Amino acid sequence: MDNTAYTSSELMIINAARLLRDGDVVFVGVGIPNLACNLARRTHAPNLYMIYEAGVIGARPNRLPLSIGDPTLVSGAAAVCSMYDIFTLYLQRGNVDVGFLGGAQIDRFGNINATVIGDYAHPKVRLPGSGGSMEIAAWANRCYIMTPHQKRRFPERVDFHTSAGFLSGKGERAASGVRGKGPQAVVTNLGILEPDESGELILTALHPGATVEMARENTGWALKVADSLRITEPPTPEELRILREELDPQGIYR
Amino acid sequence: MSKLCTLSEAVSRLIHDGDTVYLAGFTHLIPFAVGHEIIRQGKKDLTLARATPDLIYDQMAAAGCARKIIFSYMGNPGVGSLKVLRRLLEAGKLEWEEYSHFGMITRLQAGASGLPFLPMNPTAAPDLERVNPNYRRLRDPYTGREVVVLPPLHPDVAVVHVQRADVHGNAQIWGILGEQKEAAFAAGRVIVTAEEIVAEEVIRSDPNRTIIPEFIVDAVCHVPYCAHPSYTQGYYDRDNAFYLEWDRISESDEAVQEYLKEWVYGVRDRAEYWEKLGEETHRRLAVPPRYAAPVNYGEY
Amino acid sequence: MSKLCTLSEAVSRLIHDGDTVYLAGFTHLIPFAVGHEIIRQGKKDLTLARATPDLIYDQMAAAGCARKIIFSYMGNPGVGSLKVLRRLLEAGKLEWEEYSHFGMITRLQAGASGLPFLPMNPTAAPDLERVNPNYRRLRDPYTGREVVVLPPLHPDVAVVHVQRADVHGNAQIWGILGEQKEAAFAAGRVIVTAEEIVAEEVIRSDPNRTIIPEFIVDAVCHVPYCAHPSYTQGYYDRDNAFYLEWDRISESDEAVQEYLKEWVYGVRDRAEYWEKLGEETHRRLAVPPRYAAPVNYGEY
Amino acid sequence: MDNTAYTSSELMIINAARLLRDGDVVFVGVGIPNLACNLARRTHAPNLYMIYEAGVIGARPNRLPLSIGDPTLVSGAAAVCSMYDIFTLYLQRGNVDVGFLGGAQIDRFGNINATVIGDYAHPKVRLPGSGGSMEIAAWANRCYIMTPHQKRRFPERVDFHTSAGFLSGKGERAASGVRGKGPQAVVTNLGILEPDESGELILTALHPGATVEMARENTGWALKVADSLRITEPPTPEELRILREELDPQGIYR
């Protein structure tokens, strides 16, 4: 195994895992968020509690789940409930600390479009739509986003507002009455964006080897850089080992 | 009174052209065999409602059964797009009505409960509210804050696949529960398909496990492997390989029609379909047992 | 993380004077041992919330723990009146707040769901709406008809007795479910008492059976026979004779105080209480086993 | 066994049982409504479906249940659900054909008081309250009431309106938007009262041996008598045998 090289996905997964805290109740999606959660559980957050929108609570999958409703999530889980219950008793009631979000477009204020490119009634590209994300973005205490750093994914404004970031600024989100604090970080293959006091996403960290120029070139708005810009710790051999050998031995998400 | 009949009879008798149908299941227990039978019987102008249309509504739309789709996440779960539906929507050839998962499930819960609406906390994401007039706002009389409300959804027919049912229609599910109960109670008619038809005594040995009671059920059909390529917890695994394969098949309308010809029109029923899948697939999807701890209800 | 502690510790740490407490259970699984421990610890000014106060709130009110009662049916189930509560209400010595069962459960469901209110269809019986200002009316924006709404109930503490739980607080119930799940999710703090503390693997062998997940639970207490004279399905029968006896005891305040002295203050804990009931009662309430049919989740 | 003599309770139970139809889904209370339902099941209505407000569906009790939440209702039942589910999915959704109601007072228009005698805020007699009855009276398709025929139980107007009969007349109930058709019969130890076209309860049947005068003397309003007044069939030996030997062998409800 080559521990010095790693893929963009691995870099995002490892950096997202580090943002999770021990004891967090996380609303997990499949794919790379699932890997980030399982990596955190095996490193610094053994008490991370994973729940899934399919209604699975405290899953301990024996294999890498390939869909949000994989049967391996159920066998050995702590509880299973209906979808209505997961969205009311868990999410809406405030029992979810962390949600993961994704979408085709993320704008300057962390608003997300997962619905449509172009006009809603006459879609140029029809995307899957909200699923759980409209409510996760509003009600999870903190949200994280993982996405490749590309200009088309980071427009100034999203074409369709599927789920809320900071709207046009933190004040507007606060006034809307939603309980969650909104997106706390966007982890890309180049670095990490975090909201400033106004809610605008600014560059707060670069991964080793990435530059401010690379980040700016691949962002659709005039990307600000934090005074305290830091360089992330490179993935450790142990993080890579767990990811490659234990969590995704077939390399599906590399 | 036994409600046992063949799936072909149930579809013929209970699903009519123009109906709103809800084939229930969130990834788990998706009644593919029923979708295929609907295709074989050439049902038309259906409104297909489902939180996650999954491959089955891609297939039904491709076969020309659908006039409209109601959904909250139109993806191939774990893979990507539902390309048939996407093409139809982008071409303006299919009507649609869209919610978030919670909105969709709230409509079913309101329908199941006999309520005229149910409230949801606001999400600060206004665009879906803007494009779908079913979303309304009300003022909470206690705090003066606004809530978002949705009206009930009452499908004409709900189809629910389960692990086991008795001939009366008492039906039990374990594993992911999705929206099966809500869809059944919200609907006007209910078709239950089951991996196993068991004696009433089996159901009644564990009444807390029963999701759907007999008196809301119109037909019970014994359809082993009904859910493939989806799965039935404890009975067979999800066929992830087929979900990936559909991503390739659904690239072209021709390949989709070829698929339907071979795997839907080309087989008589689910038994023939399962047979045709072959032993290697059967082996690949088999699952070793893992039993629940015993539960004692007591002889009172 | 284990949350296992003694009942005495849990009551002392989690229930405070002036709290609104919800000892959950509809006839089944009523946590009598917890009520008795609250009495022994001399908790004061509690608001006692329960759909059916049952004997336990009669006893807690008689012991001077209660300032107010919130209820929907104040009877001795299957027998008649709750005479202590009735005397206190008729004498103006206890505040009360009253709902129908559905109203009470709707308040819990709204509380559990994090919603500011939930609607109910009108009942054409206006008097409870008239005397309880929590009932409000809203206009359904879809049909223009009126609905009745109630706000959430958020007890400070919910107490839920269950058949089995693990040390983390994952708790399973079978038999009558009442409002246990709703009370637990609605409350600020949750005490789980269990007939059996089982290995995590037992709970996780049957996740669909879990009503309450660990992360909303603050304390787990091993309290066999906690529910007597109520019952635990599969573990022991309801002591109908005692429900009849209470009808006689509660005729007079003196007899009630005598009862409390002997059966509450006079015993250290539930183990001593159960011992004191004697072998004839143990035999009378024993129940032969009747097991649920096996369920296979599969090893995925 | 003396088959010619029977108690008032037996008379009411047997006549109530006869009002039930095969296939009815009945929201059952304990005590005499439970006996009426079980008697109907064993005679003319084998497909009667019994559900209980405690959340038990299709109960087949082995012994006489002594409370609404008796464990014998659960063992061998078809399904168990939460209280919220029973009141929404079953009752409010319109899945209940028949409800049984009771109370301290039933008035001329079938309205019921189970809450208080005297002033609500300063109760003279504090009764148990609504329980499930406020909603059962509104949403079950048909309701039946069993009560001893006594003047104090049949006032012109109830002190407190716990659950709805016909309010001040059928038109008012119809306008209220409730789905149920209201009380269809009040079975007493003297006979049966049923609503006329206006919703007023009038005497439509007398049990053998009872007279119109007895009924009038024990009713708090000017009781009208139906033109078609009939005499009920006396309890049959078979009905009495089932009741006494199979359903209530200890005679708890005689």
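Labels for the chains are A, B, C and D, by order of writing; each one numbers its residues from 1.
The rule is short, and it goes like this: a residue touches a chain if its C-beta (ideal position, glycine included) is under 8 Å from a C-beta of that chain, and two chains touch if they have at least 3 such contacts.
Note that this is a predicted model, so its numbers are computed, not measured.
Where touching is counted per the definition, the chains common to subunit C and subunit D are B. Interface comparison, A-C versus A-B: the higher count of C-beta contacts falls to A-B. Chain centres here are C-alpha means, and the one lying farthest from subunit A is D.
Each chain gets a centre from the mean of its Cα atoms; for subunit B and subunit D, those two points are 40 Å apart.
In this assembly, the C-alpha centroid of subunit A lies 28 Å from the C-alpha centroid of subunit B.
Separating the CA-averaged centres of subunit B and subunit C is a span of 37 Å.
Across the assembly, subunit A contributes residues 56, 70-71, 74-75, 80, 92, 139 that each touch 2 or more other chains. In subunit C, the residues touching two or more other chains are 114-115, 120-121, 145, 174-175, 177, 181, 208, 233, 237, 287, 290, 297-300. The touch graph of the protein chains shown belongs to none of the named shapes.
You'll find the chains touch as A-B, A-C, B-C, B-D, C-D.
Contacts from subunit B toward subunit A in the complex involve residues 26-28, 51-52, 71-75, 77-78, 81-82, 86, 89-90, 92, 98-103, 105-106, 108-109, 120-128, 131, 145-146, 174-179, 181-182, 231, 233, 237-238, 240, 243, 287, 290.
The touching residues of subunit D, when paired with subunit C in their complex, are 30-31, 53-56, 66-71, 73-75, 80-84, 87, 91-92, 111, 115, 120-135, 137-139, 160-164, 167, 172-173, 176-179. Of all residues in subunit D, only 25, 47, 49, 56-58, 60, 62-63, 70-72, 74-80, 88-89, 92-95, 139 touch subunit B in the complex they form. Only residues 1, 112-115, 168, 170, 181, 185, 203-204, 207-208, 210-211, 213-216, 297-300 of subunit B touch subunit D when the two sit together in their complex.
The part of subunit C that touches subunit B in the complex is made up of residues 114-121, 136, 138, 140-143, 145, 147, 149, 151, 173-175, 177, 198, 202, 205-206, 208-209, 233-235, 237, 287-300.
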